[in-house]
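Quick one: the structure is below, and I'll ask about it shortly.
Chain IDs A, B, C and D follow the sequence of writing; residue 1 opens each chain.
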Amino acid sequence: MTSPALAEPLPSSVRKPGRVKSLMTTYRVPLSIIALCLLPWLLPSKALAVNVLIYGVVAVGYNLLFGYTGLLSFGHAAFVGAGAYITGIAIGQFGVPWYAAVLLGVLGGGLLAFAIGALSTRTRGIYFSMVTLALAQLVYYVALQASSWTGGENGLRGFTVNKINLLGYDINFLDPVNKYYVLMAFAALALWVVSRILNSPFGAAIEAIRENERRARTCGYNVERTKLLSFTLSGTICALGGTMSALHLAFVPLDSLHYHASGMIVMMTLLGGASSFFGPFVGALVFLVMEDVFSLWTSHWQIIVGSIFVLFVLFLPKGIWGTFLARFVR
Amino acid sequence: MDTELILMQLFSGVALGAILVLTALGLSIIFGMLGVVNFAHGALFMVGAYAGLWVASLTGSFWWGLLVAPVMIGLFGMLIEYFLIRPLYGRSIDDPLLLTFGLSYVLVEGVRIVFGTDGIPFPTPSALTGVLDLGVGFFPIYRIFVVGVVFVVVLLLWLGLEKTRFGLIVRAGARDPTMMRVLGVDISKVWLLVFGLGVGLASLGGVLSGPMRSVNPEMGSLVLAEAFVVTVIGGLGSLLGSIIAGLAVGIVISMTALFAPEMATIVMFALMALVLLIRPQGLFGKLA
Amino acid sequence: MTDIRNITKTGISRRRALAGLGAGASLVAMPWIARAADDIIRIGFPTPLTGPFAAEAKDQVKSAELAVKQFNDKGGINGRKIELLVRDDKLNGGEAATRTLELIEKDKVHAVVGSLSSAVQLAVNEVTRARGIIYVSISQSDTINEVKDFSKYTFHEALNPHMTAGAVARHSFKKGSKVAHLVADYAYGHEMLRGFKRAQAEIGAETVGEILHPFGAADYSTFMPRLRSMRPDFLCISNFGRDQANSIKQAVDFGLKQQAKIVVPVILHNQRLAVGPEVFEGVVGGANYYWGLESQLPSAKAFNDAYRAANGGAIPTDYGAYGYTGLSSLLMAMQVAGGTDTDKVIAALEALKYDVAKGPQSYRKCDHQSVQSVLVLESLKKADMKNDADLFKVVANEAASEKVLRSCTELGFPA
Amino acid sequence: MNAPLLAVEDIGVRFGGFVALQGVTTAFHPGRVTSIIGPNGAGKSTLFNVLSGVLTPSSGSIRFKGQDLKGTRQHEFVHRGIARSYQITNIFPDLTVHENVRVAAQASRSRYNIWTNRNRFPELDARADSALEAVGLVAKRDEIAKYLAHGQQRALEIAIALISDPELLLLDEPTAGMGPEETKEMVALLEKLATERTILLVEHKMKMILGLSDRILVLHHGRLIADGSPRDIQTDPEVRRVYLGQNDGYA
């Protein structure tokens, strides 16, 4: 039980994280992995748990750009989708082994992120959001037109991975538990990578740009190049989420490229809290569980989700996890 | 291709452009004055169409719907500004964008609850049905009427912004809000009115679109994309830019529809990407 | 407004969800609530309860529930009760695949019925195919008939674009008719166009032009001058849903109806209600079902009466009826098979002859397409409507025949 | 006369039709404090922006240590040895004092290192601490910058600028908004800094300028109208007319 004194955030001008908080920061990756191991046994279904993994990775990757670099992209669905499409096409049309297809998806998505980033990071502020949205919509329409590759509006299919071979053992990939833990390894890898990036000097540089772009430039940072690198890394992580989703569903819907999908990523990130490492993951979890549960109650679940989002922007801009950390963890 | 068809296509393009201008104006004005990207623009457009229909069915006249609904929804917009947007001034510029994004979900679902998910019929007012012979082809009278309305609205806006004291305050306020406060102008009142005006324009667009497009809860989603493209090409916040960009996009779509019709949507986004690469701030925009 | 709570009378799934929320919230690790006893037959039913086709989806659910109720009232299948698990697929393939995985892995359904778009049905098909689960698909597509997407577990209850476009063409075009096409540029649009042109070739009707329009466009005004300049006798609009509503509305505005007869491959009851009688007046389109069939067909009468009794006098609609015919065929096959054994049920479905609402139907062996009658409807003038639900005149009722389908060899199946 | 550190040749800046600077030619030699004064809108900040790479001049050239700075991008200026502060306090508000300086120190190396833990650069921490020491902020090391007093924030900004060990330091009104106490401390700090490097100062507080500067430049309507020692400037009739005549010394 928390004491009343701790329930209210202390007005503090000093940043000296308490013992719990600094432990949580130091061991954030192992702690996250433990939480992920338990996840499928706490959620209504394994399929939902895998979706949480996927969107958790996507949101954490997205947050590298949004929360840590301070750039609001409305086009990240393009990278998630690119990862998924490339993986699916590689397996279904070229018979590439699944692990190589994952690698191709991640690299391809990263490359697309580099291209879109190179164009969009030249703009600032609200223009940046608009440009990312427009370029991502362009990707959507290209995928719609290139139907011989992507399946167009029908979606990409025909690449179900039934079993995978790990260290000489055949694993039934249709089994939900197996699938979860294999994909969890990818998620853990992604979390570890993002954590290292955030801990690195580059992590400090993007925070500086978020805090004060002009000052960062005056300090000698090549702001455009740093933003582009952040954009590319963020898009690459999102592409990994996309490849995971391709393996999970054995289907890539065209809708996965639409700007509504980008909006969903933003909502998840904000809901969980863009100011913290694990916040976006929590956001993905809460968003998906909410959707799952509310959509069983009422077909008008969107009004609930929308209202909650509005209230969060107004009153809890730190998000669920961010608020929780600020209030209860020292 | 004969000349008549090309002329006709050009005319269709201008008419479509006028409609695009109408859909973009509200978005452009709100951004220009408040620096807020209203993601609920499309949803408010849709709500406007439903409100127009509702008023028209109560009064039995399309014209009442056309007049009353934009005022009604404009007032509703002021409530949004007062209760939802205002607390966000001074925070990140992204916050109003995110809030209105969430709001659009609420509005769309709200309309689904009240009016159903399928959409409802919105017949063309009987005085404006039929087609007009332009010499090179036939064009719906109603569309010509809409072009006329857009012209009048743009003219009124221009007069209002350039020739009145209120317009002066609005333009000055957009440039330097702190200065206005120093001069004793209650800038928050101006913002309230401008937001209401922008939302009112969005819903006017909705009412006018009712007889042309099918009225359904999702109709705003496409409009939002179109309005974004037009305002971004024109330069966010530039009224003149929106008008020129709207017409240009209309003509480009129309010409594409003649030669490569399946590309008529993609060309809009391609044009936008192109403009942004050459001039990131849009044709008439100022750098942020 | 109906919501799922009202639709799903069993309520089991909801209680389960509530328990899940509680467990999640208190973070108590516990094995997931034990599933229902195996003497219940569970059928998963993904359908887009949110989105533009929510009204059709709700009609589908009501029809499906009716079929389940009728079987349960008769004592179920071999004494086993049937439970319908409705899920919202949000008209999104990814969402549909997730819901289907949940239905299979968590709810252990014995079969899946549903979907309302080509993409969603292909997503569900992919999931059920890999896991050997019987799936009765109830939305239109030519793609799913082809060998590439074939699944021996999947049965295609809905009509396909080839059938509807063909029927509409056969009952509208004459030799020498001039036909202009406005086609949505995606697989479904191209499939409808192909259906029309195939029939045109047989009839000897001439194509005077075709325009592909972007999928999901809102404004069609820029296509109209060219369509007018083609001076067609018929304007075929091969698109669906909102695209159809917008394009017909604008074609009418541009006076194309005075020039040509507008025909569409599929005409929807709810769409006609949403757009209004003035716009649709005289438009001809294909359909799987129309309640007005009851004057000609006893099975339609029986279905309508049962539906009215269960739903406060409402009448069933086209896509709604798929829920009834699709579920009924599956349950009849289970009855024959004496349970849920997959191979036995497949064999029973392949051999099944059924007439539950629209005349005799059966599944073709090679692609599992339901061979069935196709209706050609014409939208009535407002003055000619006898009541609010009296929307269409039945122009033709093309009897079930394998001849109107593409041949098995054409679809890629061994001869 | 040794070679100038920075030589400015016929610099002009135009914004559309507005001429902000015109024909400014001057040179700055190492180890001196030069102040730039002039009424509001005279072009002081524009000149600063040109010298720090924020603005590219419409005409003219700048040579730093004999090298033409043409085409040099703004972020490269600091690597060349020119650092600056801003008129309105410009720090990283949500970082701690130490992080503020440390992130500036890091800009000179390991900018794009995405893999090594940032704590494995002890020399950066040491450099940051010594910069804080120089401006007297060691006690505030772990405080979040936005909660510092105004004068301390200005000092922090100077520490940020100092961390790159610049040869030329451009300070835009370092005492803006300060009370007499804080101003005094800042003047002491500037005097200390002036012993080690070349300083260019934009200021309005005449008393302070006269006490601190070796040389004063006067700008008016974008032109350089006077250049000389504080004594020369005080007696210059032109300067008295356009500048001191309208001001009481505290703008």
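Quick notes on this one:
As a working rule, a contact is a pair of C-beta atoms (placed from the backbone, for glycine too) under 8 Å apart; a residue touches a chain by one contact, two chains touch by 3 or more.
Computed from a predicted structure; not experimentally measured.
Using CA-based centroids throughout, the chain positioned farthest away from chain A is D. Taking the mean of the C-alpha atoms as each chain's centre, chain B and chain D sit 47 Å apart. One inter-chain figure worth recording: chain A and chain C are separated by 35 Å, centre to centre, where each centre is the mean of the chain's CA atoms.
Between the CA-based centres of chain C and chain D the separation comes to 73 Å, rounded to the whole angstrom. For chain C, residues touching at least two other chains, in rising order: 1, 50, 54, 185, 214. Multi-chain contact residues of chain D (touching two or more other chains) are absent. Residue numbers of chain B whose C-beta contacts span two or more other chains: 112-113, 262, 265-266.
Which chains touch which is summed up as A-B, A-C, A-D, B-C.
Contacts from chain A toward chain B in the complex involve residues 72, 119, 122-127, 129-131, 133-135, 137-138, 141-142, 145, 259-260, 263, 266-267, 270, 300, 302-303, 305-307, 309-310, 313-314, 317.
Chain B meets chain A in the complex at residues 31, 35, 37, 84, 87-88, 91, 93-95, 97-99, 101-106, 108-110, 112-113, 221, 225, 228-229, 232, 236, 262, 265-266, 269-270, 272-273, 276-277, 280-281, 287-288.
Those residues of chain B whose C-beta lies close enough to touch chain C in the complex are 4-5, 8-9, 12-13, 15-16, 19, 112-113, 116-124, 130-131, 137-140, 142-143, 211-214, 216-219, 222-223, 226, 253-254, 257-258, 261-266. Contact residues on chain A toward chain D in their complex (touch as defined above): 13-16, 196-197, 199-205, 207-208, 211-212, 214-223, 225-226, 229, 233.
Residues 1, 3-5, 13-14, 16-17, 20-21, 23-24, 27, 29-32, 49-50, 54, 58, 87-88, 90, 92-94, 97-98, 101-102, 105-106, 118-119, 122-123, 125-127, 129-131, 141, 143, 148-149, 185-188, 214-215 of chain C are the ones touching chain A in the complex.
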